[in-house]
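What follows is a pair of complexes built around chain A, which joins chain B in one and chain C in the other.
Moving on to the complex of A and B:
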């Protein structure tokens, strides 16, 4: 068995969901996403027993494009993140009616398919195809099922689509150039290329545009808050929980090993820009009036730190970044889900209209608070592991990087606790707030259990990703 | 066996937390309280077992439980150590913790969320034990941040009041400023030694070959962490606000245990701080300035808990002074005696507040001595102790700080003495205003005046007893504590033999305390002076009463600018940036629509372009050749 079965199961899932009709769609989607989760566990098991689960097939002979899927610890962890979060995200919508459900859930599974493909692809063109394919479902999800004024939404979602597409086109050009040198799109062939510094610089920049927009790194983030705010919460979860990790993953998998000299040359600028994002995102989050926008900017701050970790070009930084990617995936889904729970009851995200929920919904308050403290990186939660490691790697490069990047632990606490206070605490709200349902509780409890377990015992994930990260790291170093 | 016992010691309060979290609503409040108390008592008993064992055998117990985080070549495990220092801390954390749990059963019995209160208290004890018991800095950091979280939860326990929530938030954020320092300190040590384990760092330092500059920066960063948690300049302003929490919380967290974490950390790393005399000087100076500043603010506060809060800040300052002079045992001695008398004072004030149905302003108290005899006497004993009157516990520990300061630097001694005199004054001011002359509250309150029930007075009596005799753990001559702590201290702190100078200094200190008391007596008891209404306060008193406006300064210098930048970013930078980026798209659009004009269907134009193109190619080919 190889990893292609995962792609197959998700794709078939999307098709079957579409034909299952609106009533059954959510359950069928959950079923197939759970199947893909089980399959990915199975593959993980087989991989950790030393079996090769990768796949390389000739696809198109001229230009030479292969259907190559690479499954090492790093890509498997990202695939697992996708296949765990997808059923969780689908499940989180239970008990809520969605219009045109069959199309909606089919798109969700299709997106999951494309993202899984992106994490697995080991051929530049195949990777590019998956990368762009993931954009299409989220475009429709945000456009059709989003909230707020339809005209405004159309504009914002279209901007997002064109902006990210435009960024990716540069990456395509880069791949075309690389093909002329290597006569192959295969990752391992591209790793072997001996590019001049100037070539590396251009390749690096082309990749950077694609990734900086996707992640986003400031100043390429203009699309983010609007889309996060207007997309339906499931779409926001997919975007922030998984899709932006495509960019971070690609930095480590593609950008750094192919153009390491350029990365090394521009290290201070890259780390500096990422850290600027940490501070800028945090500062913006402080005074937001819309809960989803606030969370969007908090996410901007957090991914800034992850990107900084990647660009330190140290094994610790990269390692910590991977931990952070996974932890952030869970915590941001949890936060957006909490926002959704509030929206289901009050039909608003305006922080000014909220408050006093705690006395009516103590269970929800406790669960939400745990997610909040995880997002501020309290030790014992998984987020701390990554944050600590990344900050440590920054301290190894320059003490100022860690002081500035470390501001996230102060500012993060500030905006999150302020948000929590304004949304949850204070005098009892005059509108009644019903306690979380069983579906909602299960979703939040699953997220929290994950964050707490790996907060105390991150070793399984470390052991899984460490060998492959070391390999990538030595590629980066050997080409320097 | 020992491992299991140690785990029980650690996890028992956590079990209490889980129990009261999940079943708190289903059981009666009394049972919730009893279970919460028993779990802490259980930890206390196990601590005693370990303690007696340690006294007999002198052997530490250290074990690594599991791998936690690995960074580069640095492998950090979750390990615990039970040695002289951690057991000493555990003794008073769990011991006083138990007493305060008992007290809370009665104090909180009317609160609808009592089970939750005990859950949080248990969680706090769990994290405090983690902080103390860890065998490396990162495990300490788990506890360090964990107690901060519990402090946040408990300060904002009455969450309907947004002012309380603000206080809770402020406490957490100011602590986090310190925590960043702590983390950076950890990073530097990790880079230097490739380990965070205390004994391994100590070994590495003892073997020489250390980069003292890097260690100096690390020590400074760690001290910044300590100023956050232990409320020192410039990060102390959260502690007085933290009095928003229920009074048992103030006693347990914000007086006896959590705020001593900074002192614990520096004592734990004494071998590091010994290497960096410059940083030690910084610690001593920050400590003594905090002691004087906070004591001076305490002189004029009218809220009974605020007085005690500033007193705590001031006393912690004295402990840091001792640390800065390398007198670790003296600092630890004062931590312990202070835990006794300050916990007693806070619980006593809680008893008073309880009797007055929430009244905290001393201007509306008075004359409570007769109705609340137990509260009065226990608080009086503790007040004598904190004022440094012979032979109460505080006399011995404070005296040693002053002795050490006198030998170290006369200015430090002078300032510490000033702080002590002020302490005696404001504490007796508190006693006179609260317990003497006539009751100044409402008629309604007067009718309901009563002594608190036994569950409240019993802990008071125990603590008052400890505040009386606590000094025996380190009496001059025996110096039990000095000897006990010797194994964990890198450099030996020589004990004072009692000579003429020592007796003289004791006399001076005692005289100073009596001056403070007489000063308070003359003003508040003899003249019967009652502090003025807020509006009527003027001049320098007004500046002190408003805490030197330090909160306002912080707001103006830090909070307001950040908010202004945030607003500016949201309202101006973001829209402009977005416009700029998308104007690129608009530009592409415009070029497209210009280009479209070329394809207008005019065959003549096409032909013309075609010819032009051919010409261009030919010319290019010529040039290329």
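Moving on to the complex of A and C:
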């Protein structure tokens, strides 16, 4: 068995969901996403037993393009993140009716398919195709099922599309250029290339544009808050939980090993930009009056720190970044889900109109509080592991980076707890707030137990990703 | 050779079909005939031959492009049946003209002699003039036909002048001989001048900037099905012919020519895109988008020795997307006075399948993966980078980004606005044509090898 079965199950899932009709769609989607989760566990099992689960087939002979899927610890972790979060995200929408459900859930599964492909692809062009394919479903999800004024949403979503496409097209040019050098798109052939410093710089920049827009790193972030706010919550979860990880994953997998010299040369600028994103996101989050926008900016701050970890070019930074990617994926889905729970009852995201939920819904309050403290990286939660490792790696570069980067924890604690205070505590709102339903509880509990378990015992993930990250790290540091 | 003969025969048959009272069966018969001709053509794929003192040369290039033209004609004729429903008495004329047009197109890609090339281009052009003006009671259509005729015949004149100069310089019409002589020293200055004139005439036919001014007006004024024909078949024919002409007559383009092609290519794609952004009429928008695609196709001339397969792929991808898009456009605007975007509002709800097809074809034109438009652009970019024109590729990339702006305008209208009226029944033939065209488009997008490698030796 190889990893292509995962892609197949998700793709078939999308098609079957579309034909299952509006009533059954959500259940069918959940079924198929669970099947792909089981399959990915199975693949993980056979991988850890030493079996080769990668796949390389020739696809197009001229230009030479292969259907190559690479499964090492790093990509499997990201695939697992996708296949765990997809059923969770689908499940989180249970109990809420969605218009045109069959199309909606088919798009969700299709997006999951494309993202899984992106994490697995080991051929430049195949990777690019999956990368772009993920964009189409989220565009339609945000456009058709989003909330807020349609005219404004149209503009914001189109801006997002053009922005991300623009970035990735330059990446495509970089790949085409690399192809003329290597006569192949295969990852290992691209790793072996001997590029001059000038070539590396241009290729690095082309990649950077694609990833900086996707992640986003300032100054390419301006699409983010608007789209996060206006997309339906499921779309926001997909975007922030998984899709932005595509950019971070690609930095480690593609950008750094292919153009390491350029990365070393511009290290201070890259880390500086990422840290600037941390501070900028935190400050903006402080001022937000809309719950979803606040979470969007907090996400901007957190991914800034992850990107900084990647760009430190230290093994600790990369390790921490991978931990933090997974932790952030879970915590941000949890946070957006909590926002959605409130929205379902009050029909608003405005923080000013909320308050006093605690006395009416103690269970929800406790669950939400745990997610909030996890997001600020309290020791004992998984976020602490990643965040601390990244900060440690920053300290190896420059002490100022760690001081500024550490602000994310302090500021993060400040705006998240302030938000929690305004939303949950204080005077009781006149409307009554009904306690979380069983579906909602299950979703939140699953997220929380994951974060706590790996917070206390991150060793399985470390063991899984360690060999592959070391390999990439040695490629980065090998003389080119 | 057989292709050309049988196509002409089929055309004559369609003209006289009236006599036998076969009007109802005309379209099925024409399509079956064309399918048979397609089979005949493909069977000649591996048998290169030349006929009548090298007047007609059959090789892989001509066979592949002829097959593409035949496929496109089949689609266009299939759509004609419903389109000309109110003009039953003219049906056989229209169908016959389209088949003669196909004969001209086939002659244009299989010529071995400039005289044959000119005959081909005239047969094609005259058929187009007639088709553009075929709604004879409408002033717009008349205007389109007249404009196209005046400017088109002017371009034909320039081409003819170029051919004369080349004859004066070399003493031959036969392009093999011209190819031999053009390599030698002491070729008179008339030769490059003649070549330039021919290229200018062809650039007019493919509507490349700055010779593009006729296109939007003619596209808008002509009946929709003629617009579909002009923007898919006619453009593809002219592009393939231009490629064959240059490749056939000179071993390598001089650098100065190459620079001119670079300028024209970048100019064409930019002008087309920027103008398309401002259009509200879908036909006009697609006319400008077609201009920008012509700019992309011109990039193929920069890697003359290796880009034949890429050009075939690009033209196939573009034309199939165009056919699918026009099938939807013709359907939606059937009983409307104009083709404004407003007519497409809410199509996603009233006719989801057609909306999905139009979306897919627009995504293909924009170059989004899995649709063949992506691979077309990609292999064009790779070829061009290999020839050392990285900045042309970057211009192409920027233009691809700009093009999202207007393609998505239409997509957004279909999915976010509400429809003004209730849907009416869709004749089956539209579904049939559009679905098959888009499936072919996606199929060659997933398996690009099938087309991309046809012409590589």
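The criterion applied here is as follows: the second predicted complex is superposed on the first by the 478 of 480 C-alpha atoms of A that agree within 3 Å, B and C clash if a C-alpha of one lies under 4 Å from a C-alpha of the other, contacts with A are read in each partner's own complex, and residues count from 1 in each chain.
Basically, contacts are C-beta pairs under 8 Å (C-beta built on N, C-alpha and C of every residue); 3 or more make two chains touch, one makes a residue touch a chain.
This structure is a prediction, so every number in the text was calculated from the model and none was measured.
Asks: Aligned on chain A, chain B and chain C: do they clash or fit?
Replies: clash
Asks: After superposing on the shared chain, does chain C or chain B touch more chain A residues?
Replies: Comparing touch counts on chain A for chain B and chain C gives B.
Asks: Figure out whether A:186 sits in contact with chain B (first) or chain C (second), or with both, or with neither.
Replies: In the superposition, A:186 contacts neither chain B nor chain C.
Asks: Applying the touch criterion given at the start, work out whether A:371 contacts chain B, chain C, both or neither, answering first, second, both or neither.
Replies: neither
Asks: With the two structures laid over each other on chain A, which partner does A:395 touch: chain B (first), chain C (second), both, or neither?
Replies: In the superposition, A:395 contacts chain B only.
Asks: Based on the superposed arrangement, let me know which partner A:417 touches: chain B (first), chain C (second), both, or neither?
Replies: It touches chain B, and chain C stays clear.
Asks: Look at A:284 in the shared chain and tell me whether it touches chain B only, chain C only, both, or neither; answer first, second, both or neither.
Replies: So A:284 only meets chain B here.
Asks: With the two structures laid over each other on chain A, which partner does A:162 touch: chain B (first), chain C (second), both, or neither?
Replies: both
Asks: So, does A:322 touch the first partner chain B, the second partner chain C, both, or neither?
Replies: Touch partners of A:322: none, neither chain B nor chain C.
Asks: Going by the contact definition given at the top, which residues of chain A touch chain B in one complex and chain C in the other?
Replies: Correct list for chain A: 162, 166.
Asks: Per the contact definition, I'd like the list of chain B residues that touch chain A in the complex.
Replies: Going through chain B, the ones touching chain A are 21, 66-72, 78, 116, 138, 141-142, 145-146, 149, 152, 156, 159-160, 162, 165-166, 169, 172-173, 176-177, 179-180, 183-184, 187-188, 190-191, 217, 562-563, 565-567, 569-570, 574, 577-578, 581-582, 585.
Asks: Of all residues in chain A, which touch chain B in the complex?
Replies: 159, 162-163, 166, 219-220, 222, 225, 280, 283-284, 286-288, 314-316, 319-320, 356, 358-359, 362, 366, 373, 378-380, 385, 388-389, 391-392, 395-396, 399, 402-403, 406-407, 409-410, 413-414, 417-418, 421, 425-428, 456-459, 462
Asks: Can you list the chain A residues touching chain C in their complex?
Replies: Chain A residues touching chain C: 59-63, 125, 128-129, 132-133, 135-136, 140, 143-144, 150, 154, 158, 161-162, 165-166, 169-170, 172-173, 176-177, 179-180.
Asks: Which residues of chain C touch chain A in their complex?
Replies: Within the complex, chain C touches chain A at residues 348, 363, 368-370, 374, 378-379, 381-382, 385-386, 390, 393-394, 397, 400-401, 404-405, 408, 412, 415-416, 447-449, 452-453, 456.
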